[in-house]
Amino acid sequence: MSARLGHENVVVGSLAQIGRCGLFLLRILTAIPRSFRHVRETVRQLWFVGAMSLTIIMTCGLFIGMVLGLQLYHVLSIFGGTSATGSVVALAVYRELGPVVTALLFAGRAGTSVTAEIGLMRATDQIAAMEMMAVDPIAYVVAPRFLAGLIAMPLLCCVFCGLSIFGGHLVAVDWLGVDNGTFWSNMTANVKVWDDVINGLIWKSLVFGGVISLIAVFQGYTTPPTSEGVAYATTRTVVASSIAVLALDFVLTAFLM
Amino acid sequence: MSQRKSYAAGTGLFIVLGFAALVYLATQTTSVVNSHQGASYTVDAQFANVGQLKERAPVKVAGVRVGQVQSITLLPGKDVADVKLSIDRKFNQVPADSTAVIYTSGLLGDQYVGLQFGSAKNYLADGGHMTLTKSTQPLEEMLGKFFGAGGTADAFGGSFKVTAHFTNIGTLSVGAPVKMAGAAIGSVSEVKADPVKLDATVTMAINNRYNQIPDDSAAAIFTSGLIGGQYVAIQPGGSPNSLKDGDQLVLTQSAVQLEDLIGKFLVNGSSSGNNAGGNGSSNQPAGKH
Amino acid sequence: MIDTVQAQPEDRALVRVRGLTTRLNGKTVFDQLDLDIPRGKVTAIMGPSGTGKTTLLKHITGQMRGDAGEVWVDGKNVGELSRDALFELRERIGYLFQNSALLTDFDVFENVAFPLRQHTRLPEVLIRNIVLTKLQAVGLRGAASLMPSELSGGMARRVALARAIVFDPMLILYDEPFVGLDPIALNQVLKLIRTLNETLGLTSVLVAHELEAIKQVADVVYLIANGKVVAQGDPKTIAGNGSSWTRQFFGGEADGPVPFQYPADDYGQALGFKQGAV
């Protein structure tokens, strides 16, 4: 009896949380026009959220590309199809690995820091101080971080994909001896701008960027203003973003492809 | 203040880098040319067999892309595939007597239409018709002098059923396409072993549109490409009577193991090929010579 | 209920609280609270911990709204203001947070300049002059380029004070301004509160426990307990007005109207001595 009640509470609680998150998104969206006054703050956040994530994104992109090159070379060599290495690396990266891995890294690197930062601003009354200085914290603190995440994700994803292809090229062509021309021509023949780069890469990463940023600012803004609260909120950001990204990935793949 | 400027500069650098990566990905790694949809004109060509040719496959002259395949349809009542080619308006000086050939880029690559220029002084125009064509040569056909094709499946709007007996169906399964001249005309609806004759009975559902197939046509099981799935190919016969629902195709050609074929034509006993997706089964004609 | 009897003439009160009733988590914080903050004076709000002194400040700034009753600030009913009007009002109120609440991303100068940059389009020279003037007033002009993490608690509070007065507000609210300060810093803050109040002619409200400090700085003291004002007057005389509340609070007695024991069931019963119970 009480267990059933507990389940219902979990369900109702999660639904309520999603509802609150949606309402919060509405508040952010209505605050975005006002946040254009704080365009400098958006630029500053873009630096922290985007440019500061470049190192990890580039490193991981390179290694993912190298692993893909290695794995695909060995699998494709069974069928004598190593010439397809380039196109399969590119397609795998554009359609799935690029957006998803970038999103997961972004949630870990930028999402958590946004949550922790906003959570600590709340815990140290900085949010309340802004309210008291007649500055809307949604417009000044939340919206710029949300926008920065939205802008940064596709850009990071492009950088990730570029490095992946470089990594795949490095392994397949320079180390394993796939012909350079075949690698590129096969890739250019099979990758479509609209299907793979725009739908696969840009749209997915835009949606992922928006979702991760929303979860991060929401968790930070609504966290209880204590050290445990901030710690929990940071964890929840990673967990919720990862689940949301992977679930949305399926939905987006089904709709966009 | 200076702090702010460095953020702005760094962020600007980041944005430029991101967009540069996007432009690079979009132009250098994709077929940006392929998706170019400029002014074009359409000509059609008829092929006895389009093989694996797909819509939007490139049309090339001397290996350079000049357009793409717009549509592939089977002409009702004929066993030829009608292919509409959309050619870029820039390339409007294709001689009218040019030949359209279906080529394969590499062993595993996609197929494309190549145009070999003729010598006529008049050029192909919109709605033009190319009379000279060369069809694709399925691997099995090249190797074993058989007939057959490949293509994409489609089947709506009612169908009739015919059966055929095969001594070996390889990996043919329910849902596999039934093709004529390379274009899909139906699908395999049932595969079962005959307890008396000890062979396989394959029931095929063929689209009602194709109700003029001669009743002495032959059915053969082919593999699409080297590692593709298997399908049933119908080779029309010469009988004046058409196939009806419930008819049986008497002439059949069972699945052939690629390894055996290669073994037959090349050096004896070199059945090293373990690739080909394991389409082995019980009573295959083991590599005899 | 609004304009009933008042201790001070109406025009003298910048903030008037009438019949304020607030419940938080089922606990009554204010029960029909009436209170006036006179213009141009330093008013101290005192009371045992947990009586909602900070909550009262939040009501004045509109961060919280009561379940019943009204809060009037400079002739405006805070509870009925729209968000924009509330923000307009807040621009004229300075608020000093207990933990200073400096923006950790900015240095001292930018922290003080923050409200100016957000609400005005003043030229950089003017902003610089205003900020340096305010920093000079709190004695920290030399610390303009430090980051908040490099400041001691007393310095951070003085920076926060400079930020709170950067718009020359009509009202400044101090939330526990003396907590955690050493005697020197405490006296510095005391002196600042006094001089700011006199030189800028603003109204100060401070929430604090430190009796000695309040005696030095406050003109009016309200003692709040159990959601009501239990004593009011000037700090010299309020201690001697003879009520049990003031005696306990100012005398620092452990037991009295505020019990030493948190409400509990019978002690003897809890320990298992049955005959002691019932």
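As written, the chain order gives the labels A, B and C, with residue 1 at the start of each chain.
To be clear about the criterion, a residue touches a chain if its C-beta (ideal position, glycine included) is under 8 Å from a C-beta of that chain, and two chains touch if they have at least 3 such contacts.
In this text, all values refer to a predicted model and were calculated from it rather than measured experimentally.
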Leader among chain pairs (count of C-beta contacts): A-B
Central chain of the complex, centres being mean CA coordinates: A
Most distant chain from subunit C by Cα centroid: B
Centre-to-centre distance between subunit C and subunit A (centres being mean Cα positions), rounded to whole Å: 43
Rounded Å distance between subunit B and subunit C, as computed from the means of their C-alpha atoms: 82
Whole-Å gap between the CA centroids of subunit A and subunit B: 39
Residues of subunit A whose C-beta touches two or more other chains: 44
List of subunit A residues in touch with subunit B within their complex: 40, 43-44, 46-47, 50-51, 54, 78-81, 83-84, 90, 94, 151-152, 154-156, 158-159, 161-162, 165, 184, 187-194, 196-197, 201-202
In the complex, subunit A residues that touch subunit C: 44, 120-121, 124-126, 128-129, 131-136, 140
Residues on subunit C engaged by subunit A in the complex (per definition of touch): 61, 63, 87-88, 90-91, 93, 95, 97-99, 101-105, 114-115, 118-119, 163
In the complex with subunit A, residue positions of subunit B that touch it: 4, 7-8, 10-11, 13-15, 17-19, 21-22, 24-26, 28-32, 34-35, 105-108, 110, 226-227, 275
